[in-house]
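In the two assemblies presented below, subunit A is common to both, partnered first by subunit B and then by subunit C.
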Partner chain A sequence: MKLKNILSLLALLSLFILVFSIFSNETKIPKKITKPDQCMSCHADMSDIDHAHPKEIFGCASCHGGNKWATNKKDAHRDMVLNPARLEHVSIFCIKCHKNIIKRISNSMMQSQSGILNVLKYQWGESKELNSTAGIADIRGDTNISLAQNHFRKLCAACHINQDEKIFKNQKVARGGGCSDCHRISKTKGNLHAKFTTRIPTKNCLKCHNRSNRIGLSYEGVFESAGYGTPYKHGDFTHKMSDGRRFYYNLPDDIHHKSANMSCIDCHSEKGVMGNGKKHYHMEEAEDIKCKDCHKPHFKKANTLALTLADTNEKVPEPKIIAYTKKFNSPLYNIQKDGNRTDFYRKIDGKKFNLPKMSDKPYHTLAIHKRLDCSACHSLWAPSCYGCHEVYFENGKQFDWVKRKNTKGQWQELRSFLRFENPSLGIGYNKKIMPFAPGCQVIGTIFKDKKVEKFHSMAMAGWDPHTTQKKSRTCVNCHFNPASLGLGRGNLDIKDGNITFNPIYDSTKSGMPFSYPIDAFVSAKGKQFQSTSRKEARSFNRVELQKIVGAYKCIICHDSYSDKIYKDFNKSKKLFYSGKTTCLK
Partner chain B sequence: MSRTVSLITLGLFFVSLLSGFVIIFAYHPSDAFTSVQKIEFLIPFGLFFRKLHYFSSEAFTFFLLLHIFLELSKKKIYINATSWNYSVLSFALVIVLMFSGFVLKADLSANAAAQVAYSLIKDTPLLKNLLPLFQDSSIFYYKFFIWHILFLPLILGYAIYKHTKTLHVEAVYFSIAIGLSLLISMLFSMPKDIILSSKAKQLSSPWFFEGAENLLLKSFSALSINLILITPFILLVAYFYIKPKNIARILLFSWLLAYSYISVFLS
Partner chain C sequence: MLKIVIFISILFGSLLAKDCASCHPKDAKNCQHSLHYTLKKAINITRVAWGIKDSNVTLQTLPLPKTDIKKPSDLVDDFLRRKCLKCHLGNRSSGEKGMKRGKNCLACHTPHQKNGKCQKGKISMDKCLSCHNKEFVGGDFLGLFPKDYDKSYRAPLTKDGRYPPKKYGIDFHHLSPDIHYQKGMTCVDCHDKNDMQGIKKVSCTDCHKNLSKKNHTAYHKKLACSTCHSAWNNNSYELSVFRDNTSDYKKWKNLTLQEDGYLTNFLRIALRSKKKIPPKMPDWITHKFKEGIWYSGYRYKRWENFNLANSKDGRIMIIRPLFQYRISYRDKNGKMILDDANKIDGKKIEVWLPYSPHTISKRAKSCESCHNNPLIINPKKTGYEVLDMQLPNNIINGSKLTKKQIKKMTSKRYKKIRAKMLFGSD
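Up next is the complex of A and B:
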C-alpha cells in the first residue's frame, strides 16, 4: 500500500476518533451547577456546623479543601481533609478569618505543653532552668531522649490539643483534633455535621484537666480516691470514673459550680485559654482571670471583641458596659453592668445571676492578711497525691504520644497515699500565700538490663485547687494545723515560744530514700524539705512559721472575724500594747 | 518517513494552536486556577479542549524531538544555516511555551515550577532581566498569559516559517495530527491539578524541567544549571558547523543521557 493511501486511511480514522470524542463522557456537563460549591450537588442535605458558618455561604470546600468545582467524587475529594480544625490545616483553611486566633493557639500552652515539660526537666534535674524548652515542637525530632522527656512522651503528651484523636483505643477518652478538641460538641453522623460552639461545656475541658492537679475534677466536687474502690457501695466498688480505671469520692464542689453550675468558660477568658500570642512557659503566665476581675470588677464600654464574642455565643445578651480582666484587658462580656447591679450571664445558656461583690469587711482589708491569695482561705480542700512511685522498664515498650507509635521504655505509676483535707500553705508563684500539694513527689525505680537504679524528686506545687467555698478556712485551721502550715500530719505544740512537731509519717520505716515525712513541706524550724516548680515559690520560713503560730495568743479568744477586735485591728493592737485591754488580766 | 514526521509535527502545532485558541476565552488570568477548574468541570467541552490542547502540545514536542533525531541521523544537512538556526530557535521557543502553559494552569505545582524558574534566573546574568515576569503577583498570570497566547506563538510561527519556508499543512496531515491527539487524550489522563490548599508532598514540575529542579535541590548554582539547560541548543547550533558530525552527535547524546539520569534518579 502506498504511503499516500495509508495517510488517507489514518486521516479517515482520525475523523472517527473526533466524532467518538465529541460524544464521550468528557464532553458532558453537570446537570446542575450548585452554589457556593459543586459539593452541594451531593451534600446539600448536610447540616450546618454552627450558626457562624452556614453552608449556604461557606459550602464544604472552603473548610475541607478538595476540588470545589469537581463534578465527580474522585476529583472532588482529592486532597480533601476530614478534620480541617487540626492545627496543621487551620493555617490553610481558616486563616483568612481566624488569623489572630490561629497565631495565639499555635503558641498556647495547650499546644506547646511547655509547662509540663519544663517542670519535669527541672524537677528531675535535667535542666537548671524552668524555661529550657518551648515545648513539644522542640522535642518532636529528638533522638537522644532523656528520662524526663521519655516520661513526658509516654504519660503526658496524650493531652496535646493537636493529638490525633483516632489513635486512642478508648474513644470515650479521645483527645486532640486541634480546635475541635474544645469546640466540638458532637461528632458527624450521616448528614448531621459535627457541631461546633464557643459555648464549650466543662466536659470538654475535663478530657485533659482530670489528672495531675485535677482542677477539673475538684471543681465538680470529685476527688480521685485510692485505687481500691473503697468504701464499697451496695457490695460493689465505689464511684468509677468514665475512663473505667479510677475511683472517686464526692466532696463539696466549688461554689461557682454549686450555686450557678458555672462552666470553666464562665471565668476563663478566650485569651486566657487560647493564649495572647506570646510563648509562655508556665500556666500563670498565660492565665488571665483573677477572682477580683469578677468580684471587684472595673467596667468599661464593650469593645468590638466583646460584641463579637457575645454574638458568637448567641445566648448572652448584647453587652454595653462590661468587666475586663486586669492582666490582658480581656472583655468579660458575660459580666455586665446594669445600673447599680452587676449581672452575670452563664455562657452555656445565658441564664442571668446576680454577681456577689467582694465585701469590705475586715477579713478582706486586714493588713496582716494582705499577702493571702484568695485561694489560701477559700479553698476547702485539694487533691494531694503523696509519693508517686514511678517504675521504668528500659526494655519494655509503650506508646509514645509524640511519635505516635510504640517505642522502647515503659512506665508504671503507683502511689503511696491520697489526702484531700487541710491543704498545705506556702508562698506561691505570685509571691502570695496559697495552697500547696505534692507536685510531684517522684520515687523512681529504673529497671535496666542487669541492674536497678533509683532516683527521687520531691516537690510541692502551689495552685488554686478550684474548690472555692464562700466560707473561708477558720483561723485555727491555718494557724494551728500542722498540715496547713506545711509541717505534715502530726502533733503541733508550742513550748517557750518554740514550735515543736511530732510527725505521724516515718519515711525511714516506710523505706523511703529520705528521712523527712513525705507530707512535710518544711520542718518546724523552717527548713524546706521539698523543692517547688517555680523560682518564687517556697514553704514558710522560720520567722513566718513563728509569726503564724504565734498568733495563737489572740486567736485562742478571738477566733472569729466578727470579733470586735478585728473591726479596727490597729487600734486594738495599740490598746493591747498599752495594757488597756482585758487580755493580760 | 522524515518528511511525514515533519508534516505531522507541523500539523500538531496547528492542533495545539487552535485548541488553545478555544480555551483562551474561558481562561481568566485574574482568577486563573478557578477558571482552569471551570474549564475542566463546568464549561461544555471545556475538558475536551483542555485535554486536546495539552496532549497535542505534548505530542508536538515529542514529534519535534523525533524530527530532530531523524534529521541528526542523516549524513547531510539539506537546509542552509539560517533555516537551521531558526529551527533551533523554534525548539527553544517550544520549550518556553510548554513551560508557560504549565504555569498558566495556576495550581500548586505550577506555582512551584514558577518558583523554581524564579530561583534559576534571579542569580543568572542576563536572564535576571526576566525577573519582572515573575514579580507582582497580582498581574503574574496576565504576563504569562500574554506571552503564551500572543508573543511566543507569533515568534514561533515566524521561526517555523523561516525554517520550513511555508506554514501550509495538508489536510491529511492535519487530520492525522488531530486523530493522534484525540487518541492520546482518550487513552491517557492529564496530570491532576493540585489545589492551592493542598499539602501535597510531591509536586511534579514539567518533565523537561525535572533535571533542573533536581540540580537545584542538590545546591547547584543557578548559573551552572542554566548552562546545562542551554547546552543542547548551543550544540545544535554548533552541529551545523562542526565536522565531523559524530563529535556533535556524541556530545548531544551524552547530554541527553546525563540529563535523563539527573531527571529520573537524582531526586
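Up next is the complex of A and C:
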C-alpha cells in the first residue's frame, strides 16, 4: 500500500517536473510553496466558506479537487469541481468527513421526491401501490413515460435537491444543487466565497415549499390570492410573489412566526429534514418533530451530537440539559432546561425566549377530544385551492426537470376557486382528526392527435397547514360548520334527528365531470366523495358526523370545556336521555 | 302604417319613447320616474361614496366629467359614464357580444329577433339579464356567480377542450338557483308593471299569504324573508378601479375578462395589434370615445359570507359591500394623479347596502347561520386588512345591528329554544 503511494507520488512528481519544465518559461513561478495547498498562491484572498471549513486547514483542493500542486492555472484546474456540494460530487469530497449525512440525504425524500411521485401515480390510477420508495433516480432512464410521470417531470421535479442552478429561468428561486440547495446563503462573487451555514434561513426553504400545500407561505401568513393583483399600486399590480406571476395577501401568520419570528429549522431537526438514513413512503414517516416535543418536553443530558450542532450553529449557547424528539430521539439543542424554566433559543441568532408549555386544562386532557391532532383546533386557516384543471398538450414542449431539457408535452394549470377559511376536517395519516384541503382535485383535459380526452382524480389531503394560533377554533366552528365537517359550503341543519345539508355549489352545471359539490369531501349521510393520499386518511363517516353534530345540541348551552357534563360525556348523555337532568326544563 | 313604423323602428332598435307614448301616455310618464329610467340610486350612491356631498342627480342631469382631476370626486362622473352606465335604457349595447338590445321601451319590451315582431306577453328573462348580471341581483336568480377574472379561472374546459361558454360576456360558476327559477318562473312573474314603474314595490307576502305560524311569527317578525330564505349571496370585497391614459396593455394579458365586454374586445385587439392602439373607451351616455381605459379588479369574492343590518324600514336584512373602492388614475404622461386612493377625510370609500339575494330556497337557513356567525356575533377587527374588509362600515339605507340585538342573538332564551328545537326533533 505504502509502496503504491510512493510510486504514485513519484509518478506525479515526474509529471510535475515535466510540466514545469515545459511551461517554466511562460508561467510565473510561485516564490514559495503555500499551505495547505498550492491553490493559495493565487486564491489567498478567497474568503472562508464558513467557520467550520477554514481555508488555512482545508485549502481549496480538498473540496474542489483539481491538481493542488500544479503551478499553472490550466493544470491546477484540471478535473476541478466548481460545486462539490452537488450530490454526484459529495461522495468524492464531502464524504471524507460527512459520510453519515451523505448516506442519509441520498435516501431522503427531498432528494428522491418519492412521496410526490407515488401519490401522483396512485391518484391518477397508474399504480395501485401507494406505498413505494421509487424516486427520481428510478425513473431517470425511463423511455415509456406515462401521463403522471410526465406531469411529475415537467412540474414537480423542479424541486428535488440537486437541481442545476443554471437552468432556472427565475434566478430568485434558483438553487445550487445538493447541499447548497439549503445550506448556501450567498453566491460566490470575486474573492468572496459562497457562504454556507447550518443556520438556514426560511427564505431558502421557501424556494421549494411555496406551492402545492404552501406550508412555507402559510407559516408567514402569506396566502396566494385570486390573481387580480389588487390593490393597484403605482400604476401596477401589487403584492407579487418572488416568482413574479403570482399575487398574495397577508393573513394571520403562525404563532411561532408571529411571537418569535422562528425559522423552519427552529422546529425541524436535522434528522427530520435530511432523513434518518431509511427510505420512507411519505413525509410524515420521515418527519421527526411533534408539537409535544417542545411544548411537553422530555429532558435529558445533551449528547455529543447536540454539542456538535450547537458548536456549528455558533449562536445557541452550549447545551447541558435539552429536549429530545420522541420519534427519532434527536437532540433539540435549542430547547434547554434552566432550573424550572424552559428556554428556547432561536437558531438564527441565538435569542432566548421563554417556551410556553402545554397546559393541563380540560381542553387538552378530556377524553372526548383525545383523537384530535393539535392542528385540528389550532390551525386557523389553510390554503384550499378547489379544482386543479390540468390541461395537457401532447404536441407542446416544456422543460423536463429530470432530463433537464425541453421535451414533448406541455402542461397548463387552471383552477376553480380559492378559500382560506374553515379548513375541512377529516381523519389524517396519523388516524387523528386534522385539517384537510384539496390535494389534489385534478380535472384533466388531454389534447392528443386532434382528439380531446378527459380524466379526473379528486382527492383531499390532510396536513398541518402551519397556521397555528394560540387561540383554538371555537366549538361551533367544527361541530356545526358544514365546511369544517367536510360537507362543503351550504346550509347545515338537523331535521328529525338527521343531518340535512343543502350545498351551494352546483358541479354538474358548472361543467364538472361529477355531480357532488366540488368542495364536498363527504355527504351528510357519510358517503365519502373524494379519495385521499394515504391509506389511513378518510373523511368523517356517518357515525362520526352524527356524533360531532349531535354533540352540538349540548354545546349550544354547555359551551365550555370545564363544564362538568364533559367529564364523562357518555354518562351525561345517558342521564339526559333518561330525564334525570334539569336540562331544557 | 303603424305596424310598418314599429317594424322599421324595431329593425333599427330605436323606437323612440314618444312613439310609444302616443298610445301609452300613462306608462311612458310613469317610466320616466322609475329607477330604470333615472338610475339615480346607483348614480348618487357612487357619487356620495367618492366624495360628492348631497348628490342628487339622475342619468338625465348627470354633469359632464371634469377634466382637472385632483381627487376621487373629480373622477366619479367619468367612472359612472364609462363603466357603470353602460346599462341605461337609451343604450343599445353594453359591449358584450350578442347582447344588443333595443332602445328605450324596446330595451325590455322586445326580443332581439330577426323577424322584428313585437313580443306579446311576458318580457323574456334574457332582456332583464342583459343588464342584471354580474354581482347584482339578477344573475343570482339563475345561480350565476362571476368567476375570478384571471384566465387561469376559466375552467373546467368543455368536452371538446374549449374554455367554458360565456354568458353576457362573463364566465360564471353555477350555484344553486332560486326556487322560483327552478319552478319555471321568470323575473316579470314577480316584478310586475307597478313594481317596475315604482308605483308599488313587490313583496314576498303579496303571493305567500298563508305562512306557517310556527316558524314565521314566533320571534323573527322583523326579519326580511330573504334573510333566512336566501341560500347564498354575492360578497365581492374591495373593488380596485384604475383609469389608465397610457397604452400599457401588456400586463392585462391574463385579465381581459373584467365583466366589461368593451374592455375584453379592446384588449383582445390591442394585445394582438402591432400598431400602437390609443387607450379609448366610450362614454355610454354621449357615445363619444374618450381617452383612458378603466380597469377593475376585486380583492376576493365569497358566496358563503354574509352580514346583517337594520334596513331603513326596520327590517333585518342581509347587507353586502357595493363597493369598497380603491381608486387609481394615471395620466397620459404616466404620472399617477391618484395612486390607490381608498380614503376620503380618513374614512374608507365604501358603501354597504341591505338587499334581498334572489337565491331563495324553501328551507330556511339554520339558526346558526346567523346566531353563530362570527361576522355578525363577534364583529371585531383583527388588524388584518383582508379579514377586516368583511366587517361592514358606512351602511346606506340602514344601520348596524345594535349591541343589544347582537346580545339577544346569543341569549339564554335563544339557546334554550334552539336546543329544544334540535332535541325535540330527535
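Rule of thumb we're sticking to: the second predicted complex is superposed on the first by the 523 of 585 C-alpha atoms of A that agree within 3 Å, B and C clash if a C-alpha of one lies under 4 Å from a C-alpha of the other, contacts with A are read in each partner's own complex, and residues count from 1 in each chain.
Keep this in mind: a contact is a pair of C-beta atoms (placed from the backbone, for glycine too) under 8 Å apart; a residue touches a chain by one contact, two chains touch by 3 or more.
As the structure is a prediction and not an experimental result, all values here were calculated from the model.
Asker: Going by the contact rule set out at the top, does A:P54 touch subunit B (first), subunit C (second), both, or neither?
Answerer: neither
Asker: State whether A:V452 touches subunit B only (first), subunit C only (second), both chains, or neither.
Answerer: It touches subunit C, and subunit B stays clear.
Asker: Answer with first, second, both or neither: which of subunit B and subunit C does A:P356 touch in the superposed model?
Answerer: Neither partner.
Asker: Is A:G227 touching anything from subunit B or subunit C once the two structures are fitted on A? First, second, both or neither.
Answerer: In the superposed model, A:G227 contacts subunit C only, not subunit B.
Asker: Applying the touch criterion given at the start, work out whether A:G125 contacts subunit B, subunit C, both or neither, answering first, second, both or neither.
Answerer: After superposing on A, A:G125 lies clear of both subunit B and subunit C.
Asker: Could you tell me if A:G511 is touching subunit B, subunit C, both of them or neither one (first, second, both, neither)?
Answerer: After superposition on chain A, A:G511 lies in contact with subunit C alone.
Asker: Hey, what residues of subunit A end up touching subunit B and subunit C alike?
Answerer: In subunit A, no position sits in both the subunit B and subunit C interfaces.
Asker: Inside the complex, what are the residues of subunit A that reach subunit B?
Answerer: 3, 7-8, 10-15, 17-18, 20-22, 24, 26-27, 29-30, 33, 38, 65-71, 75, 78-79, 88, 92-93
Asker: Can you name the residues of subunit B that touch subunit A in the complex?
Answerer: Residues 4, 34, 37-38, 40-45, 47-48, 51, 171-173, 175-176, 178-180, 182-183, 185-186, 192-195, 197-200 of subunit B touch subunit A in their complex.
Asker: What does subunit C use to touch subunit A in their complex?
Answerer: Within the complex, subunit C touches subunit A at residues 143, 147-150, 152-161, 164, 173-177, 231-232, 238, 240, 242, 244, 246, 248, 251, 254-255, 295, 297-301, 303-304, 326, 328, 330, 334, 336, 339-340, 342, 361, 363, 365-366, 368-369, 372, 374, 382, 384-387, 412, 415-416, 418-420, 422-423, 425-426.
Asker: List the residues on subunit A that touch subunit C in their complex, please.
Answerer: Spelled out, the residues of subunit A in touch with subunit C are 223, 225-237, 249-252, 387, 389, 391, 413-418, 443, 445, 447, 452, 454, 474, 476, 480, 483, 489-497, 500, 502-506, 509-513, 552-554, 556-557, 583-584.
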